[in-house]
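Two complexes, one shared chain (chain A), two partners (chain B, chain C).
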Partner chain A sequence: MSVLEIQDLRVDFPSRKSTFTAVDGVNLTLEAGKILGVVGESGAGKSTVGNAVIGLLQEPGFIASGEVRLHGQTINTLSEADKRKLRGRKIGMIFQDPLTSLDPLQTIESQLVETIVTHLPLSSREAQKRAVELLDSVGIPDPEARIKQYPHQFSGGMRQRVVIALALCAEPELVIADEPTTALDVSIQAQILELMKKLCTERNVAMLVITHDMGVIAEITDHVAVMYHGKLVEYGETAQVLGAPTHEYTKSLISAVPRPDIRVERFPSVNYIEASEKPTRNIDISTHWLGQSRDYAKISGPLLKVNDLQMKFETKGSIFASRREYFHAVKKVSFDIQEGETFGLVGESGSGKSTIARLITGLYTASGGSIMFGDTELTSLKNPRQVLAMRRQMQMIFQDPFSSLNARMRVRDIVAEPIKFHKLASSGSEVRQIVSDLLDHVGLGTAAGEKFPHEFSGGQRQRISIARALATRPRFLICDEPTSALDVSIQAQILNLLKDLQQELGLTMLFISHDLAVIRQMCTRVGVMRHGELCEVSQCEALFDAPQHEYTKDLLSLMPSMDLLSRADL
Partner chain B sequence: MLGFTIRRLLQAMIVMLVVALLSFTLFRFVGDPVNQMVGVDTSIADREALRERLGLNDPMPVQFWRFISNAVQLDFGTSYQFKQPVSDLFARRIPATLELSFMSAIFALAVGVPMGIYAGLNRESAISKLFLSLSLIGISLPTFFIGILLIFLFSVTLQWLPSFGRGDVVQIGSWWTTGLLTVSGLKALVLPSITLGLYQMTLIMRLIRAEMLEVIRTDYIKFARARGLPDRIVHFRHALKNTLVPVVTITGLQLGSIIAFATITETVFQWPGMGLMFLQAVQEVDIPIMAAYLMLTAFLFVAINFCVDILYFFIDPRLRVGR
Partner chain C sequence: MTETSETPASKKAPSTMERLLDSDIFHAFLRSKVTIMAAAGTLILFLLAFLSPWIAPHDPFDLASLDVMNSYMPPAWIEGADPAFLLGTDDQGRDILSAIFYGMRISLIVGFCSVIFAALVGIGLGLIAGYMGGRIDALIMRVADVQLTFPAILIALLIDGAARGLFGSLDREVFSFWILIFSLSLSFWVQYARTVRGSTMVEKNKEYVQAARVIGIPSWIIMLRHILPNVTGPVMVIATINLALAIVTEATLSFLGVGMPITQPSLGTLISVGNDYLYSGEWWMAIFPGVALALLVLCVNLLGDWLRDALNPKLR
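Take a look at the complex of A and B:
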C-alpha cells in the first residue's frame, strides 16, 4: 500500500471578496523509500500541498474537497488533536531556512528530547541517548558535546542537519521537505541532498520534496509533479518528465533553467509564462537621449582595474590597536575588466563578492589597494564633485527587488530621481519623456510610472531597478545577484533584458552571482572567489570546460547534474 | 561577561556622578541655603559665620567633593523643615513606598502577562478584544482620576476598603515597617497598588500581545508545531520565552518609574511614603530632601537597569557565549 495518497485535493483560501483556490484537483501517490518532487514557481501552490498533508494550512485556508490518506487511512478529516499526534510521529517536516527553524533560546538537546518524549514512551535519559544517536546518524561530528550547544553555534548546513534529525525523531513514515536546500550554498546543498537520499533508503522513509529548483529535482527525486497555478500539469517518473516533457508549461519551464553545461545566446522566449511583456515601443538607442552624448573619454586599457584590493571589518573593538580583531572580507584581490565585457564574480556566501561591488561603488571605503576606473584612481578621490561624476558612470542593481525600491515613491519619481540629481536633462518635460521611454524600453510600459512599487511583482520590480540604473547613462553596471530572488522563468526574461541592453548601449558589466549556471550564460570572463581571495580568473568557456583551481573543480562537481533535462529547445 | 559587567558598572557610576552634580547645583543655585536656615533677624556677621561653618565659602570642587563623599555615606544634610537628618526621614518613609511599588509591580505582572499571552494566542476572540479596549482605558485615564474613581466606588459607596493611609503596620528590625502582616494593612494596599499598577499592567499586556503575535509567525514555532509538540510546550517553552527580552527591558524600566513616580498615587491616597514627603518638600523649598530624592531615584533607575542588563544573559544564550 502506498504511504501517501492524495486524491482530488482542493485547498481554498476564502477572503472577504472572493475565494482563492490555491490547490485544485491534485492527485499524487508516494511509496515507501521513494522521493517525490513537487516543482513549480512561486504561487503554484506546491507548499500548500505540503501544508495540507501535515495539517498546518495557514489561516484561513482549508481543504475544500478531496482526501489525504496515510497508509490508507484518511487523515484530513481527523480532529485537531489526532492530527497533532500524527505530526512528528508519522509525518515529519523539514523547512527552508535552517537559520530560523530552531528556537534560538533552547539547546539542541532540549529541542530533540522534548520531541522524542512527546512521541515515544521513553524516559528522558533514554531520549537523550537517542538524541545523540540521531545527531550522529545525520552526520554531526562529536554529537555528545555538540548536543549541549545552542543553534547559533552551528553553521547553516549543520543546522539543517539538526532540523533533519528533529524531523526524524520519532521514525516518521513520511517526510515533507519544503525547499530544504534553497537557503544553502551549493557545496552544503550537495551534502544535504546526499544525506536526505541516504536516510530515505536506509530508513525506508517516503519523502515529498517541494522545490523550485530543477537541479534538486533532477538530483534526488524518483517521481516528479509539476504544478502551475494550483493545478498538476504533469506527473511521472523524473527522467521521463524532465527528458521528454509533454505539457507546454513543463517545456517552457525547463527551457528557462540556466544550464551549467551549455551556453545559450538568449533564453528562448516562453510565452506560456505570464508577465513576459515585450517592449511596447522600440526606441532607437543611437539617436535617443539614452545613447546620445555618452561623452566618456576614450581610454586605453581596461575600464576597471582593481589592484591588491583589501577590506577588513573590525569584529572586536579595543582602544589598543594591537588588541583589535578583524575579519578580512577581501584579501589582496586584483582583476581588471575590459570595456564592453561582462565580468563574472562567483563564490559561496561570505566569499567577499558583494563586498567588492560595494568597494567599487564607494559604499565601503577600502582598507588597502587601488581601484582604477579609466584613468581615475577611485580610492583617493576627495573632491565631492569628482566623486559624483564617477558615481554617475557606475550604477548598481541589487538582489532584493522588494527592499531596493522606496515604497513611498511613485515609479516615475524613482526613475527620474537620478536624472534630476545629476542634472542630466534640461527641462521637466524632457525628464518625463526620458522616464517614459525608459519604462517602455525595459518592458513595463509608460503607465507603470504612475504606480507604486508594491503593485508590481518581483520580476517587474527588478525591471524598475534596471530602468533606474540606466537613468544616469552609466557606462559600467554592477549587478549583485540580480535574479536570485526570482523564479526561473522571470530570471530568464531579466537575463535576456540585461544582455540586450548591454549590446545596445555597449555597457560594461560586473555580474555577481552564486549560481554558476547563470554566470555561464552571462559572462565573458569569470573570477572565482573563496574566503575573500580570488582563486581563479579565466575565460568563461575555459572555466567550465577545464577548471584549473581545485576549488573551482569542487564547485563544478557539486552542481546538481542537469543531464536529465531535455534539450528540445536547442 | 565580566568585561561587560565592569563596563556597565562604570557607565552607572558616570550617570550617578552627573546626577550628583545636578543635585549639588540645586543646593547652590535654588535660593540661598543660609537664608532658608536662619530667621530674618540674624545679623550679617552671624550669617557669615554660619556660611563659613557650612563650608559655603570653599571653592566649588571642594564643596562638590564634600557633597559626594557625604552622599556615599548616605548623609544628605539636615532637612530645613523638620530639622532632622534627611537620611533618617527617608529611612522612615522608604518601606511604605517600596511596599506599594512592589505590590503594584506584582499586580501589573500577574494580571498583565496572562492577559497578554491570551490576547496574543487568541487574536480574534471576543475576550481579547475586550482586553484591548479595557487596556485603552487604562492607558488613557490619568492616574489620579483612576485613584479618585476607585475611592469613590470602593471606599465611599461600597465602604469595603480604606481610602487613605497604610492601616496598621508591624515593625520589623530597627527601621522597616510593613503593612503586609495585618488585615487592615493589606486592605489599605489594594486600592493604591491597583491605581499605581494599572498603567504598567496595560503596557505589559499590550507588549506581550504584540511580541507573541510576532513570535507565533516565526519558522521555529511552525517547526515546533510540525513536530507535533503539544500547544502547551509550543506556547510557553518556545513562544513565551522568546518574547521575554523586550518584556524584561520594559518591565525593568517601568518598575523604576513606579517607584519614582508613586508621588501622585501617594498624594491621592495620603500614603506616608517618599513621594508625599517629596511633594511637601517642594512646597516648603526643602532642598536637602529634594536633592536626596533626586539621587535616590536616579540610583534606583541605574540599579534596576543594571539588573535588567545582567538578566539578558540568563535569557538569551546568544549573548552568553559571544562570537
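Take a look at the complex of A and C:
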C-alpha cells in the first residue's frame, strides 16, 4: 500500500471578491523509500499541496474536496487534535529557511528531546541518546558536544541538517520538504540533497520534495509532478518527464532552465507562462531617440578598468583609529571590461560581488583603489556636473523587483524621471513619446504607463526597471542578480530581453549572479569571487571547460546535473 | 501561497476614486460599526462647528442681541427656562448652544493648525535626520529626546508664558491665537520626527532609492518625491490622534487661562468660565461644553485608532 495518496485534492482560498482555487484536482501517490518531487513556478500551488497534507493550510484556505490518505487512512477529515498527533509522529516537515525554523533560545538538545518525548514512549535519558544518534546520522561531527549548543552556533547548512534531524525524530513515514535548499549556497545545497537521498533509502521514508528548482528535481527525485496554475499537468518517473516531456508547459519550463553545460543564444519558446506583449511598433533603434545622439567620447582600451579596489565596512566604531574594526568586503580586486562585452561576476553569498557594483555606480565610496571609466577616474570625481555626466552613462538593474520601484509613482513617471532629470528630451510630449516607446520595447505595452507598480508581476516589474535604466541612454549597464527573484521561465524571458537590448544598443554590461548556469548563457568573460577576492578571470567558455582555480572547480562540480533534462528545442 | 497578480497590460487603469472604493481600507471601514458611528459623529460635529455662523440659533458675539435679563437661564426642559435657549445661557445672557458651536470652531481651527505646523516641522526634520544620518541625525534626535522628557502641556505653558512676556504689549486677541498654535505645534513635532525618521531609515535602503541615486537625482528631491509619499501612512495616523490631543491640550490651556481669551472663547474657555458657577447651581454652563469636548475628542480618537489598526499589516 502506498504511504501517501492524494485524490482529487482541491484547495480554495475565499476572499472578499472571489474564491481563488489554489489547487485543483491533484492526484498523487507516494511509496515508502521513494522521493516525489512537486515542481512548479510561484503561484502554481505546490506549497499548498504540502500544507494540505500536513494540515497546516494558511487561513482562509481549506480543502474544498478530495482526500488525503496516509496508509489508506483518510487524514484530512480528522479533528485538529488528531491531526496534531500525526504531525511530527507520522509526518515530518523540513522548512525552507533554516535560520528561522529553529527556536533560537533553546539548545538543539532540548528541541530534539522535546519532540522525541512528545511522540515516542521513551524516557528523557533514552531520548537524549536517540537525539545524539540522529545528529550523527545527519552528518553533524562530534554530536555529543554540539547537541548542547544553540542554533546560532551552527552555520546555515548545519542548521538545515538539524532541521532534518528534527523532522526524523519520531521516525515518521512521510517527510515533506518545502524548498529545502533554496536558502542555501550551491556548495551546501549539494551536501543536503545527498543527505536527504541517503536518509530516504536507509530509513525507508517516503519524501515529498516541493521545489521550483529543476536541478533539485533532476538530482534526487524518483517521480515528479509538474504543477501549473493549481493543476497537475504532468506526472511520472523523473527521467521520463524530464527527458521526454509531453505537456507543452513542461516542455517550455524545461527549455527555460539555463544549462551549465551548453550555451544557447536565446531561450526558445518561453511565452507559455506570461504572455509578454509583442512590441506593437517595430522601432528602428538606430534612428530612434534611444540610439541617437549617444554623444559619448570614443575611448581606446577598456571601458571600465578597476584597479586594486578595496572596500571595508566598520564593524566596531571607536574615536581612536587603532581601535576600530573593519569587515573587508572587497580586497584588492582588479579587472577590466572591454566595450561591448558582458563581464560576469559570480560567487556565493557574501563574496562581495554586489559591493563592487555599488562602488562602481557611486552608491558606496571606495576605501582604496581606482575605478577608471574610459579616461575618467571615478573615485576622485568631485565636480557635480562631471558626476552627473558619469551617472548618465552607467545605469543599474536591481535584484528585487518589488522594492526597486517606488510604489507611489505611476510607471510612466518612474520611467520619465531620468529623462526629465537629465534634460534629455526637448518637450513634454517628446518625453511621453519616448516613455511609451520604451515601455513598448521592453514588452509591456504603452498602456502600462498609467498603472502603479503593484499591479504588475515580478517579471513585468523587472521590465519596468530595465526601461528606467535605459531611459538615460546609458552605455554601461550593471545587472545585479537581475533574475534571482524570478521564476525560471520569466528569467528566460528577461535574459532574452537583456541580450536583445545589448545587441541593439551596443551596451557594455557587468552581469552579477550566483548562478553559474545563467552566467554561462549571458557572459563573454567571467570573474569568480570568493570572500572579497577575485579568484579567477577567464573567457566564459574556457572557465566552464577548463577551470583553473580550485574554488572554481569545486563550484562547477557541485552544480546539480542537468543531464536528465530534455534538449529538444535548444 | 500567493495569488498571481497578472493583470493584462491592456486593461484600463482605474481612477483614484475607484481605487479608493475598492480598497481594503474602505471595506474594513464598512465592516466596523463603531468606526462608521465615529466618522458620522466627527462629520456632524465638524459641520456644526464650521457652519456655526449660519446655523447657530444666536450670535453670542453680537453685543446688540445680548440681554443681561437673559443671563443664568437653565436648559429648556427645566422650569423657568426660555425655550429660545435650548441649553440655557451664561452670566452674560449668551446662548450656551451657540457658544458651543462657535467654541468648537475655534478649538478645531487651533487643533488643525497646530497639527499641520507640527507635522510640517516634524516630517521635515525626521526626513533630514533619517536620510542624512550621522551628526545631523544625532543633533536633531537629541533635541527631540530632551524635549520628550518634558510633558507636552508644560512646554506649551512655557512657550505661551515666554511669548506673552515678549509680545505682551501687542494686541492680545490676535496674538493669543497664534501663540497657542505655535506652542502646541512645538510640543507635538517630536512624534512626527521620530516616526518619519524610522520609516525613512527603512525606505532609504530600498532599491528604488538606490536606483534614484544611480540616476543622479539630488538628495532633497529623493527625500520629497520618493521617500515622503512612502512614509505618509503612519503620519496620517499620528495626525488624526494628535488632532484629538491638540484639542484637549488647547482646552486645558484655555481652562488654565493662558489659551484663548474670553472674547474668542474656545471649548476650554467656556468650561473655565462655567467652572466658576458650577457650585452655585448653574451647572449647565460647564457641563454642556464639557460634553461637547468629550464627544469631539472621542469621535476623532476612535477614527484615529481604527486608522492605525487598518494601516497596520500585522493586525489584518
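By definition in this document, the second predicted complex is superposed on the first by the 568 of 570 C-alpha atoms of A that agree within 3 Å, B and C clash if a C-alpha of one lies under 4 Å from a C-alpha of the other, contacts with A are read in each partner's own complex, and residues count from 1 in each chain.
FYI, contacts are C-beta pairs under 8 Å (C-beta built on N, C-alpha and C of every residue); 3 or more make two chains touch, one makes a residue touch a chain.
Small disclaimer: the values here were computed from a predicted structure and weren't measured.
Student: Mind checking chain B and chain C on superposed chain A, clash or fit?
Tutor: Once both complexes are aligned on chain A, chain B and chain C fit side by side.
Student: Look at A:Ile54 in the shared chain and tell me whether it touches chain B only, chain C only, both, or neither; answer first, second, both or neither.
Tutor: A:Ile54: touches chain B, not chain C.
Student: Where does A:Phe20 make contact in the superposed view: on chain B (first), on chain C (second), on both, or on neither?
Tutor: Only chain C; A:Phe20 stays clear of chain B.
Student: After lining up the shared chain so the two structures overlap, which partner does A:Gly45 touch, if you call chain B first and chain C second: first, second, both or neither?
Tutor: second
Student: In the superposed model, does chain B or chain C contact more residues of chain A?
Tutor: C
Student: Angle at chain A, chain B to chain C, CA centres, as a multiple of 10°?
Tutor: Between the chain B and chain C centres, as viewed from chain A, the angle is 30 degrees.
Student: Tell me the contact category for A:Pro560 with respect to chain B and chain C: first, second, both or neither.
Tutor: In the superposition, A:Pro560 contacts neither chain B nor chain C.
Student: Have a look at where A:Pro260 lands relative to chain B and chain C in the superposition and call it first, second, both or neither.
Tutor: Touch partners of A:Pro260: none, neither chain B nor chain C.
Student: Just chain B (first), just chain C (second), both, or neither: which does A:Leu388 touch?
Tutor: second
Student: In the superposition described above, what is the shortest C-alpha distance between chain B and chain C in Å? Please give a whole number.
Tutor: 5
Student: Could you list which residues of chain A make contact with chain B in one structure and with chain C in the other?
Tutor: The answer is that chain A has no such residue.
Student: In the complex, go through chain A and note every residue touching chain C.
Tutor: Residues 13, 16, 20, 22, 42-43, 45, 47-48, 51, 58, 61, 229, 274, 277, 358, 361-363, 387-388, 391-392, 394-396, 398-400, 403-409, 417-418, 421-422, 444-445, 447-448, 450-451, 454-457, 460, 465, 468, 472 of chain A touch chain C in their complex.
Student: Within their complex, state which residues of chain C touch chain A.
Tutor: Residues of chain C touching chain A: 1-7, 9-13, 24, 27, 206-208, 210-217, 225-226, 229-230.
Student: Provide the residue numbers of chain B that touch chain A in the complex, in ascending order.
Tutor: Going through chain B, the ones touching chain A are 218-220, 222-230, 233, 237-238, 241-242, 315-318, 321, 323.
Student: Over in the complex, which chain A residues touch chain B? Could you list them?
Tutor: The contact residues of chain A facing chain B are 54, 56, 84-89, 92-93, 95-97, 100-107, 114-115, 118-119, 150, 152-153, 163, 166-167, 169-170, 315.
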